[in-house]
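The next block holds one structure in the form of C-alpha cells; read it before the comments.
Note that the chains take the letters A, B and C in the order they are written out, and that residue 1 is the start of every chain.
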C-alpha cells in the first residue's frame, strides 16, 4: 500500500468494476475449459454407445431368421440304399424339396430360368443336416417328416425389411377379373391411398425401366401393377389366381428400388408371399448360428467351429502363459538378485508388453512354422503365439499382486525357520493368488480378442469341420469376425454382429469373474 | 512294423513315461530316505519327501528335455532324413512345392492304411512312416534310458546328511529363472527372426530402394519402395492422434480435476471398456458405420464445391474405405490409452502444487493449464507416445478399413495402405518364406518393431523419471 | 491506518481486549464439517490488522482447518462444509456473491511444505500478477517481481538466477519464494500454515525475521506448533483445543497468565 495508484486490488473492495470485469472473463474461460472436458467425455461415451449400438442392432436382426417348412417323405425306393456309413444323400433330399416347390408353383414348369429363380428360395446345401440325419437314423426311411429349411439370405433380409426397402399399404376387398394373366381390379373403395403412397415414393406404374414395383397380394396370389387409377388398377399375375382377390382382402407392397438393382426379384417375392400365406414361412430363433460351422451361404453359416477353435487355442495359451507367467513373476519379485540381468529382463518385459501384436505373428510364422515346422492353422501354434503375447500382461499383474503382500508375512514365515521357497509357496503365493488369477484372466481376455497374429499363422482358413484337437485345422472367433465382415454380401453384416456379440459375451463373462474376484478378495493391509 | 510305430500317440506316451518315471523316482528316493529315519542314529538333514522330490527331479528333467526336443524338432528331423533320401527326380520341385508335397505325405502317413494308388507317392509315404517310427522309437527309448540313469545317479547321492531340500529348492529356483527367461527368449526370437529374414530380403533388394522408393508392388515381386506404406501409417496415426490426444487429455483432466468421485467411479471403467473391445470389432465398426459416413460426407462436399462453382470435378476421392475412416476409429480406440495414463500422472501431481495455485487465486482452469499440466507434462508426453506406438502397430482396423492401395496422397478420403496392412496381405496364406514378396513382410515388421521400440523405450523411461520425481 | 480499512462502520470495530488495533477479519460461529464429522465447533474470532495472530494447539485441534476457512481453501476438499460468518470489509466471504478466486487474491497463503511451481523463480512470482492482470507490461512485471523478492528478503540471493527452476533453491529459500509469491498478488492478509515446520533452525530464524518485517504492511495469521515461535513472532495468540477456540488474547497475556486451565496445561507442556 505504499503506492496505492498501482495497486488496484488494495483499493478495491469486492466491487471494483475493473476487477470484476476481468474476473467474469476468467470465469467464462474456466467454464469453457470445463465444457471441453465434458465434451471429451461425451465424445468418448457417444463413440462407445454408437459402436455397441450399431453392433447390437445388427445382432438383433440376426437373432431370428426365416425358415420354410417342407413335408418330405423319404420313400424306400429312393433312399433304400442309405447305410450308416454312406455319404449323406444331399442331392436326393434336395430333389424332394425341388419337386415340392415345383408342384407348388406350376407356372415355373415352362422356363428353366424361372425354375432357377424358384430354387433360389432354398439352397441345395440347406438340406445337408437333414441328409446327415437320415444317414445317422436310417429308420426314418419310409416315413414322412416335416423339416424346416433356412430361407435364402436375400429373401430373409427382405422379410426383415433390411434389404429392398418396401412399405405395405392395406387395400381391402376388391372386385377382380382375369383375362390371360392380366388382372383388373376395381373397387368402390378407391385406391387413392395407394396412389398417395406411390407418389410419395416417386413411383408410377406402368413400370418404366429404373422405377420400382408395386405388388398386390391377396391370399397366396400376387399381381404386379401395370396401371393405377383411383378406382381401377390392372396388373400381371405373378403367381396364384384372380379368384384369391375375390375372397381375401388385398394388400399392396411398394418397392421403390428397381428390380435390376435388387437381390430379390418380384417373382421370388410373390412365391415367398404365397408360401407365407400357406403358413410355411416361420421366423424362428437362429440357433444354427451356434450349432453350425462356417459356410459360403450366410443362412447356413454358424460359429461353432470358431468357438471350439478359440477354446482350444485359449486352452493352449492358458496352460503355457499362466504357469510360466506366474512362476516368472515369483522369480522376479521374490528371488531375483538385483543385477543387470534381472534389470534387463524387467525392461524387456515392459517393452514386450507394448510390442505390436502383429510382430508376434511374424515370430510365430518364422519360428514355429518356419524353423520348427509345426502345423499351419493349428490351435497349438495360435496358442503358443498368444501365450508369448500375453506373458508380459500376466507377469506384470502377478508381480503387482506379489508386491501387495506385506513384507511382515514373509518375515514371520522366515522367522519360524521356513526356507525362502517354503515362505513363497506356503504363505506369499496363496495371499497373492486372487490377484494373480485376475491378471491371468485379463491376459486370457486379451488373447481371446487378438486377431492379427492368428492371420499370419494361417488360422484364417475356411474351416467347415469342428476341430477335434489342438493340431487340427481351426479358426478362431475374432478371425471369423474378420472373414465375415469382409464378405461382400449384405447378409453377412447381421451375422458378423451376432458373432461379435458372442465374443463380447465371453469377454464380459471373463471380466465379470475379475470384478467378482476383486470384490471378494479385496484386502487392505 | 516301423511304420506302425509312426502312428504312436507320442504326446500321450511321453507324458505317461514322464509321470510314471517321476513317480518311481519319488518313491525310490522316499523309501531310501525312510531307511535313514528308521536307522535313527543321525538326524537327517531333510525330510523324506525332500529326498523323494530330489530323485523325482533327476528322473523328470531328461524326459522333459527330450520330449521338448521331440515336439520342436521331431517332425523337422524326420523330413530332413526323408528329403536326403528322395531320388534325383524331386529336384525339379521348388522348395515351396516340395514342402507342400511333404505336407501331403505327412498328412497321408497319419491316416491308417493309406494308399493313394500312385506308386511314387505311396512309396514316399511308406518310407516317411518308417522314418517317423524310427524317430519315435529312438525318442522313447532315449527318454526312458536317460530318466532311469538320472534316477540311479540321484538315488546314489542320497545319505542322511544329504541336503536334499536345498538341492530341490535350487532346482526350482533354476526353473523359475527359466520361466522368467522366456520373456528374454521371446525378444531374442523376435529380433532374430526379423533380422534374419530381413537380411535375406535386403540381399535381393537394396536397403535404400526399400526405405526411399515410392512404388510398392510386392504382390508381384516387382517393386519394393516402402515409402507409401510409411506415409499411410503416418497419416492414419496422425488422424488417430488428432482425435485421441485432445479427447483423451481433456477426459483425463476432467476426470482427475473436475469430476466428483462418484462420477469418476462410473466414467473411468466405462472409458476402459473402449480399451477392452477387440480391435477386430473396431474394424467391423469402421466398415459398417464410419467408412460409409466419411464417404457420404466427402461426396456431399464434392457436390457442394461443384454447386458453388469452386471446383470442376470431384475434389475428394471419397473411397469406400479411407484413411480418415480408419484414423477416426483408431483414434476412438486409443482414447483410453491416453486418458488412463494421463489421469494417473495428473493425479500423481502433488496436492501442494494445486493448493499453491488456488491460494494465489487461480481459477481451476488456470491451475490446470498453467501448473498441473506443465508439472505432469512428461507423463502426458509418455502417454501420447505410447498411444502413437499403439496406433502405428494396430492392424485389424487398418486391414479392414484403410484400403490396399500404396499411394502417397494427402486426401484423407482416399484409401492408403499401411505397414501392418501389407504384412497381413503378404503373409496370409503363405508358408514358405523364400520369395522377396514374403521376405519383404519381415523387413516391414523390422521397421515396425524398431519404430515402436523407440517410442516405447522413451515413454517407459519418461514415466519412470516422472514417478521417481513425485513418489 | 483506519482510513484504509473497509467501509462498513459496523465491522470497523476495535478489538475489545486491544483497543489500539483495528479488525481486519471477523469470524462468528464457525462450524466446519468433513462429511459427517465436525472438525470445528462454533469458533468466533476477530483478527487484528497489521499484526501477527498465532493459532496454537495440539495436533488435530482444527487450527489448520480454521486457517483454510479464511481464504476458502476448504472449497477444494470434497465433502467439506463451512457454516458461519466470516466478515471482511463488510462482506461475508462465504456468500455466493464472493468469488473465492477474488478472495484468495486478497488473502494469500503459505503452506507447511514449500511448494514452488515447477517453473523458473521469475515465473513463480509472476504467475499471480499475471492471472490477476496486475502488471501493465514487461517492465511493470519486472518491478513487481523485484519488489516482492526484496520484501521476502530473497532478492540479493537470487537476482542473478531468476531463470533457474524454483525447485532448485534450498528449503528455506523455497519457503521465502513462496512468501514472495504470495506478496506479489498484493494481498491484505497472509495465512501461514506452519511455514517453518519443514525448515532447519537457521532458515526458520530468517523466516521469523521476515514475518516480523511483513507485519508492518500485512495482517498475518500463522499456525504454529512451536510455542516459542508463537511467542517470538505474534502479537496475539489463539489457543485451539479439540476443534474449539479455548482462549484468545495478547500473546504476552496468554503465555504469562492464561485464563483457561487447558491453555495453561498446554503451554506448560502437560499435553500436546
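Everything below uses one rule, namely that contacts are C-beta pairs under 8 Å (C-beta built on N, C-alpha and C of every residue); 3 or more make two chains touch, one makes a residue touch a chain.
All figures in this text were calculated on a predicted structure; none of them were measured in a lab.
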item: Chain with minimal offset from the mean of all protein Cα atoms; value: B
item: Chain pair, most C-beta pairs within the contact cut-off; value: A-B
item: Chain centre separation in whole Å, for subunit C relative to subunit A (CA means); value: 65
item: Centre distance in Å when subunit A and subunit B are each reduced to the mean of their C-alpha atoms; value: 25
item: Intercentroid distance (Cα basis), subunit C paired with subunit B, Å; value: 58
item: Touching two or more other chains - residues of subunit B; value: 363, 366
item: Touching two or more other chains - residue numbers and ranges from subunit C; value: 101-103, 105, 131-132, 185
item: For subunit A, residues that touch 2 or more chains besides their own; value: 26-27
item: Subunit A to subunit C touching residues, read off their complex; value: 1-2, 6-10, 13-14, 19-20, 22-23, 26-27
item: Residues of subunit B defined as touching subunit A within the complex; value: 72-73, 75-76, 79, 165-166, 169, 172-173, 175-177, 179-184, 186-187, 189-190, 193-194, 196-197, 246-251, 253-255, 258, 267, 270-271, 273-274, 276-285, 287-289, 332, 335, 339, 363-366, 368-369, 386, 389-390, 392-396, 399-400, 420, 423-424, 427-429, 431, 433, 441-442, 445, 448-449, 452-453, 456-457, 459-460
item: For the subunit A and subunit B complex, residues of the former touching the latter; value: 26-27, 29-30, 32-34, 36-41, 43-45, 47-48, 50-51, 54-55, 58, 323-325, 327-328, 330-332, 335-336, 342, 344-345, 347-352, 354-363, 365-367, 369-374, 376, 388, 391-392, 395, 419-421, 445, 448-452, 455-456, 458, 460, 478-479, 481-482, 485-486, 493, 496-497, 500, 503-504, 507, 511
item: Footprint of subunit A on subunit C - complex, ascending; value: 4, 6-7, 89-91, 97-99, 101-103, 105-106, 131-134, 140, 185-186, 188, 217
item: Subunit B to subunit C touching residues, read off their complex; value: 260-261, 350, 352-363, 366, 370-371, 374-375
